[in-house]
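Some structures are shown below for you to check.
Heads up, the next two complexes both have chain A, just with different partners, chain B and then chain C.
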Partner chain A sequence: MPVLTDDAAGRVDTRPAPGENPPQRRAWWTSRRRDQLAGLLFVTPQLVGTALFVLLPLGLVVWYSLHEWNVLADTFDFVGTDNYRKLVDDPNLPSVLRSTAYFSVGLVVLNLGLALLLAVLLNQKLRGTVVFRTLFFSPVVVSLVAWTIVWGFLLQDNGGVNGVAGMVGADGPNWLRGEWTAMLSVIVVQVVKNVGLNMVLFLAALQGVPAELYEAARVEGASRWTQFRRITVPLISPTILLTSIITVAGALQVFAQIAVLTQGGPGTSTTVLVYYLYQQAFQFHQFGYGSTLSVLLFAIVLTLTVVQWRMRRRWVFHEQ
Partner chain B sequence: MKTRLTAVVALTALLGLSACGGGDSGGSDGPVSLRMTTWSANEAHLKLFDEIAAEYRATHPDVTAITFDPILFESYTTTLTTQIAGGNPPDLAWVLENAAPDFVSSGALVPLDSTLKGTDGYNFDELTPAATKLWQRDGKLYGYPFSTSPFGIFVNTDLVKAAGAKSPAELIAAGTWNWDNAIATASTVASKTGKAGLVVRDFDYKGWDNLSTVWTGWGAQAWSADGKTCGFDAPEMVEAMTFLHDAIFTAKALPGPGTAADFFAGEAGMTITQISRASLLEKQTFGWDLVPLPAGPKGDYSVIGQGGMGVLKKGKHADAAADFLAYLTNPTNSAKLAQFFPPPRTPLLTAETLAKTNPLLKPEQLQQVVIDGIANGVVKPSHSGQAELSQAVRAALDPLWKADADVKGVLDGVCSAINPLLGK
Partner chain C sequence: MNSRLPLRARVALYGVICLLAVPFVFPTWWMITSSFKPVADIFAFPPSLFPDDLSFSAYRRVFELQPFARQYFNSAYIAAVVTVGTLAVSALAGYAFARIRFRGQQFLFLVVLVGLLIPSEVTIVPLFQLFNSVGLVDTHWPLILVPMLGAPSVLATFIMRQFFITLPAELEEAARVDGLGRLATFWRIALPLARPALGAVAIFTFLHSWNLYLEPIVFLSSPEKFTLPQALTQFVDAYGGPMWDVQLSAASMTALPVLVVFVLAQRQFIEGLAHTGLKG
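So, the complex of A and B:
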């Protein structure tokens, strides 16, 4: 008989009792294996989900990118690297990548800058900060499309934004029809929508900075700015890394705002990479080339994330 | 052990996959259920379709269900092609005129001639050649043009009167219903009432093909009939677009870019749209009129938009779907559909017949706008690869919608942008 005793951690001891030969059938069913199975069962739903909805589509997109796929004619022909050659020669691609870069840089700088500013302001122990935190966070939970449609009305030539501008005697531009103002509008609409999320992350990080460090700095005569630069920023740098990775990846995937507000126009000034690949695949029925653009997008996001991750040693303090 | 467990996980994933992909693969022998995609979610339209479908099923017990699946108009073709790409094609689909060349030429649709001609009492010869032209390839019909809807101008007579402008009806009576006078009326409405003067519906400085309702009056066209030569830089087009540009930025007769105005909500004096939109006026409190498009420098003209119904080759029950299409569009049911969609059948195209089912429109409106329109109408621009072309034109036309635009320069730019695509 094996000795079956439950220890404090709930593990079962399956060691044979002294003087007994271990029965062959039970030999492999060790506590380690039972734990392994339990663990695997726990993660299986997530694994299946990831396999079905992330890994499989990812593989399929690479496969499709090697094909000329005309949905209407029902043809699916292997063309090797033709789509990748087309990508290199695509006359529209430089302007698309430029728009994507403008949008991403604008969004990341504005979003992180504003989120940090708001977090620092709302981290003060003043009355009413809870109300403002709620106010700034509330757009995060609003439906993206509803939010964008309402902004579409506000940004019309005779819309609310210019109405307010008119009240103070300013003559606002036709926001969504000028090349620069359209890009700026899309960025600002997105920043206001999501700045609350980064703000909350920064707030949590700020509240984790030990108060005695500031005290010590004050004793040493450090100014507010020096305290911010030398204490706050280094101590919240892991959060800055996290938010910048999330925001960059999100910026590169912007779609709904463009589709609702500008449809890539005026001209092609707001045609960013995801919108361009949507046009190619779903509007122009070139699913093969659309998939190639997805592979490009994947490569860009991956590269930027890896670069940010690698660079963390240079500037992220207190990494665990 | 590790490999065995990995295998189990992989197997589970595969089983999950095959469960997703394996369903609903019935052949055409068993019970048949049909699905038709439409861009109309109008209750009255769907009710009529359901009634006709119920009558059909009464005599076809093998067809267990016929569903009509409305898709948003703005993204209709995109959604339809995505359904086809995703392996979930409908059995029948409405096809817009601008997607017709792609659908007809690609082989996505089943030829309908033999089914339609082989159906008793179908009277295939009643279909007017003007209506079926767009839907044919190599002498075969790939789509039934169930709606051939001419563009006209709806007028908010209350607003025009309030502005003290000459109404289109007066101008028609005086024989001076032309573009100059139409813009003068629109401009007066805009300046006197603060509402919009004239709205080219669905244009909104993006849907440029709707401007063909204007430039056709100048004899301009987006591209030549064979689709190979760009028409945007032609003198007629430059003249038409200069006129339009002045109407927008000088006379302020049309709402400028980025300004929304809905005629059917009483926000505009006039709107150019298809007569099938008349149903939107049923419960309207303002007085309204429907008039033909004004004469351009080249005289009277009309423009039509079309909708076709086709049977998808990739659908599961193509034969049953074609048979239902023949029933849905037979002379009896065509007459019923005519209350919403101007039909392609000659005997139905009389003011008396149409008046019975279009109580909102007067016989002379039906004669002037619908019957004459269908007989002489120019179909809105369509071309194979339309989506890509359309996007290229939109982007290249954008610089035109500024007060200081160089019209000729912009239109030359449109041609340089689309020439490579027209040559494909």
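So, the complex of A and C:
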């Protein structure tokens, strides 16, 4: 029986009651067809964009990598795998890969370690943690190049960092001119810039850990360190995985900081892969070889993402 | 505040936190205050925390040396267009992937997700070539179209999808009973509920566009088309050395507005990012 109800306007509701079949209409324009059309239309801009600005360029970069292509000389010749052979023999490549690895590992370890430390500190029952949270987060919203320029000034031989070092009696090095201090500087500048983001994600995760667990651990006489290792770390491991994936991906994309602070130097000590790619393609006009380096970058990103994703089974305590 | 920590532990904690905060706060503070100092005072150590007397000469030179107002406008309008565009593209796609059943859905979602795996640095050479072949190099189109539709917007779509999935199905049934179509359901019911997720996406997208550096220096060559990050590095003297006072003034003007908005809305910023931005 259809439910008949009079509404305020006096209309009669003739919709079928729940559970009853609607009147059989063999309409072509069914709600399923309507959903099909709506779904496709809704995703069209994103799909067209992905096809045009992601998939097509990805195919092209592989195609270009098989060519000797100098933009200035206007050459575009198919050379097969020559560029890949050149890549393997490139005397700069070991140094570039080493720099990329140093930077990425250093950044991820320092960033996640500091983010977790800050999150634990700010998760204590202290007054004013919201203010400190804002302060630690603030570099995230400062323009990247502005931030880097300021640090470039502070890290000069006669800059503020060495001024502080001098106050405690140390003779600071010329940070951006020494091989390993340059890399360390770029890493630290980038960590301080972005660690707030991971800190906030860790804070949210820490607040999700049930207090009863710590209560129980304390009753059992577990130390704070044991509690941290046995309760906190396993329970926030999904967030650790997420932040490490984001941070690794970000580390491999670093460009502006290096372009502004060191231009890849001294020597090639801070020439990471993206910077090397930029130099080859847009400063030396080697689009073919630049594309080969792009393929290498893609392969590295893909491998690392897959590896991290695989590791989640062994690592991450629980996943929904 | 009912604290279980003894007083000494609390004092020690504050000490550690304050010390750690120095590298986070001091550079910004120093950048802004130094931009008002004469050049000689910028190099003084220990630095004065406040400029002795305000000097605006560096600010004046920012505008004399480059079309800085124009560059400021470029960055602002590009970031605004990209943010609005990304919100539209990602909300529509995220909604469809989460709430509408249609054939090919899963396959298309996988296709889109490929974008998450491809940093834009990988495709910069072919993108340059593509825009070059249609005569759009040295225009703002690449800086607008690629972030709005390409790889960066995929993350936004993913975030929106994760959010829309959590909405209860009854909402849509109610909408359907009321005779609303898909577009009306999306616009009048789902979208208003998605405000926190939209906020997080907007913040991410704006900052990403505002900070873009590789793409502008690859695509743009005329100073009046430059964006801010690119312009900041152009204040150099005849020997290529940076003009510090001018650079710091320009950097301050670039950083301050965003910083002010952040301080005013820090709770929405931080909690929005933490809770809707990247969960799931």
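Keep in mind that, in the parts below, the second predicted complex is superposed on the first by the 291 of 320 C-alpha atoms of A that agree within 3 Å, B and C clash if a C-alpha of one lies under 4 Å from a C-alpha of the other, contacts with A are read in each partner's own complex, and residues count from 1 in each chain.
Keep this in mind: a contact is a pair of C-beta atoms (placed from the backbone, for glycine too) under 8 Å apart; a residue touches a chain by one contact, two chains touch by 3 or more.
Computed from a predicted model, the values in this text were never measured in an experiment.
Of the two partner chains placed by the overlay, only chain C lies in contact with A:201; chain B stays clear of it. Looking at the shared chain after the overlay, A:28 reaches chain B, while chain C stays out of its contact range. Of the two partner chains placed by superposition, A:309 touches none, neither chain B nor chain C. With both complexes superposed, C is the one of chain B and chain C in contact with more chain A residues.
In the superposition on chain A, contact is made by A:158 with both chain B and chain C.
Of the two partner chains, chain C is the only one touched by A:46; chain B is not. In the superposed model, A:73 makes contact with chain B only, not with chain C.
Applying the stated contact rule after C-alpha superposition, one finds that A:267 touches chain B and leaves chain C untouched. By the document's definition of touching, of the two partners only chain B reaches A:284; chain C does not. Touched by chain B in one complex and by chain C in the other are residues 36, 40, 47-48, 52, 56, 153, 158, 282, 287 of chain A.
Interface of chain A with chain B (complex): residues 28, 33, 36-37, 40, 44, 47-48, 51-52, 56, 69-74, 153, 155-159, 174-177, 263-268, 279, 282-285, 287.
Put simply, chain A touches chain C in their complex at residues 15, 34-36, 38-40, 42-43, 45-50, 52-58, 60-61, 64, 118, 121-122, 124-127, 130, 132-147, 149-154, 158, 160, 163, 166-167, 188, 192, 196-197, 200-201, 203-204, 242, 246, 249, 252-253, 255-256, 259-260, 274, 277-278, 281-282, 287, 290-291, 294-295, 297-298, 301-302, 305.
Chain C makes touch with chain A in their complex at residues 1-5, 10, 13-14, 16-17, 20-21, 23-28, 30-31, 42-43, 45-47, 88-90, 92-93, 95-97, 100-105, 108, 111-112, 114-115, 117-119, 121-130, 145-146, 148-151, 153-154, 157, 177, 181-183, 186, 207, 210-211, 213-214, 217-218, 228-230, 232-233, 242, 244, 247-248, 251-252, 254-255, 258-259, 262-263, 266-267, 269-270, 273-275, 278-279. Residue ranges of chain B in contact with chain A, taken from their complex: 1, 5, 9, 12-13, 16-17, 20, 78, 81-82, 84-85, 102-103, 106-108, 205-206, 256-260, 313-314, 385, 387-388, 391, 394-396, 398-399, 401-402.
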